[in-house]
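For reference, the structure is listed below as structure tokens.
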Amino acid sequence: MEIYKHTVQYYETDKMGITHHSNYIRWMEEARIDFLKQIGWDYARLEKEGIISPVVEVSCKYKKSTTFAEDVFIAVSVNEFKGVKLILSYNMKDTVGNIVAESVSVHCFINESGKPVRLAKEFPELYNVLMELSEAE
Amino acid sequence: MEIYKHTVQYYETDKMGITHHSNYIRWMEEARIDFLKQIGWDYARLEKEGIISPVVEVSCKYKKSTTFAEDVFIAVSVNEFKGVKLILSYNMKDTVGNIVAESVSVHCFINESGKPVRLAKEFPELYNVLMELSEAE
Amino acid sequence: MEIYKHTVQYYETDKMGITHHSNYIRWMEEARIDFLKQIGWDYARLEKEGIISPVVEVSCKYKKSTTFAEDVFIAVSVNEFKGVKLILSYNMKDTVGNIVAESVSVHCFINESGKPVRLAKEFPELYNVLMELSEAE
Amino acid sequence: MEIYKHTVQYYETDKMGITHHSNYIRWMEEARIDFLKQIGWDYARLEKEGIISPVVEVSCKYKKSTTFAEDVFIAVSVNEFKGVKLILSYNMKDTVGNIVAESVSVHCFINESGKPVRLAKEFPELYNVLMELSEAE
């Protein structure tokens, strides 16, 4: 799995001179979208199949501040998946390998009418790839 | 017309220690939505009537920087309206009356299928209020 | 303690038609700054005293989506404080009282040279008010 | 000069389903920073030399909406430079070459004490490269 890179933008800094903490939550989304693309389920495909995967929970531990022009490398992995709830982990490092943040997002899968989707039955291919990735952890 | 107030948020500052310039464009939207509400055309009503009013142009002159916790007072006025294009002007002042920014946004009116709406004919009430406000300038 | 109100801005929505989840993290900051002001420690005072209180962790559970123009009411309380780490809880409700999100932020206190501040000794007034609020829970 | 590419992020869309117009102002900054880097004056160098270049004006004409996952290609050029004020032009295109936005930003050059910098005398190298680029237009 390729690691996602985000370069800190000037508009992402705050008056402390560092990256505002809310941006890491946005970078998690960027990295997650890239992760889904890499496993063959980019947003366009999910949308076409009518699968929506809302964020039901996020948490983030800030370990080391970053600032403008720094590259942040975000590794995404499946923390837990048993068929319904998907828990993703994000490990964010700077250029020299220091951990800058560690975070988690929790997702469910619903269809366009807001009903839970039973992945194993309705989307076995997506179910299998997530299951495999969760076992690889 | 009541003047719109925006209090600068911490996350709107940047590493220069001042409000990032992109936020003024967002405040224009806040003030514009409030302005439309004050003239009897809040977003819900526009949406119900099927009128969409996209931003086709913005410009902003930055006169004096602002920073966290400052109140910015935004006066909106109709700069020009002849029936098709709506030009709004925004005058932004700080607490002591200094101008912090002067800006303009240009809008058109379309329906849900993206076709231009002829306000005079289809929405005479909105047409009249904008016409009156443009003449008051 | 007065409850903080945030009105969802248009630019805070996303293509799902709802408030983007990253904004709740920003609203936590808005509510936290207001909370500190209410207990007599607004940002200006903290800065003057040389106290910096970084966010070391955030987590947020999304219970019900919100959208443009909705008012969100955010109650902040001291979840835990034993002298070093401050844990704040945020309870976010919509106009009819439904919980839209429940979240937590964790903070430490450092001085301008990045060293931990011993609140009990150096800032007994702030220490006492946080201690009292933590016991009130 | 290499063209800057920005991929539209999910959090940059709004409830119209398109990129919120305020983001184009942020992309101008991204492209400008990249442009300065390409001409040998990245932010770190400007900062080291004590040159600050605030945005004094922006304007943007929105020609065609963009949305999540689209690539936007931004070409930056020196529109005008006579030694004091720098005017940059931005031409933004989508993948098939349609213009999505055309914009302009105006900048001045000040030192750390806020005084105008006389580029020709104090920073002839930066003066010359901007002069050359302005003549190339």
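First chain written, first letter: the chains are A, B, C and D, and each begins at residue 1.
Convention: contacts are C-beta pairs under 8 Å (C-beta built on N, C-alpha and C of every residue); 3 or more make two chains touch, one makes a residue touch a chain.
In this text, all values refer to a predicted model and were calculated from it rather than measured experimentally.
K.L.:
Any idea whether A-C or C-D has more C-beta pairs in contact?
P.N.:
When the contacts at A-C and C-D are counted, A-C has more.
K.L.:
Of all chains present, which has the mean Cα position farthest from that of chain B?
P.N.:
A
K.L.:
Taking each chain's centre as its mean C-alpha position, how far apart are chain A and chain D in Å?
P.N.:
30
K.L.:
Could you work out how far the Cα centre of chain C sits from that of chain D, in whole Å?
P.N.:
Computed value for the inter-centroid distance: 35 Å.
K.L.:
As a quick test, compute the distance in whole Å between the mean CA positions of chain A and chain C.
P.N.:
Distance between chain centres, rounded to whole Å: 24 Å.
K.L.:
When you check chain B against every other chain, which residues touch at least two of them?
P.N.:
Expected reply: 10-11, 22, 26, 29, 68.
K.L.:
Per the contact definition, I'd like the list of chain C residues that touch chain B in the complex.
P.N.:
Residue list for chain C touching chain B: 9-11, 26, 29-30, 33, 42-44, 68-69.
K.L.:
Where on chain A is chain C touching in the complex?
P.N.:
16, 21-23, 25-26, 29, 52, 54-62, 65
K.L.:
Mind listing the chain C positions that touch chain D in their complex?
P.N.:
10-11, 13-18, 20, 22, 67-68
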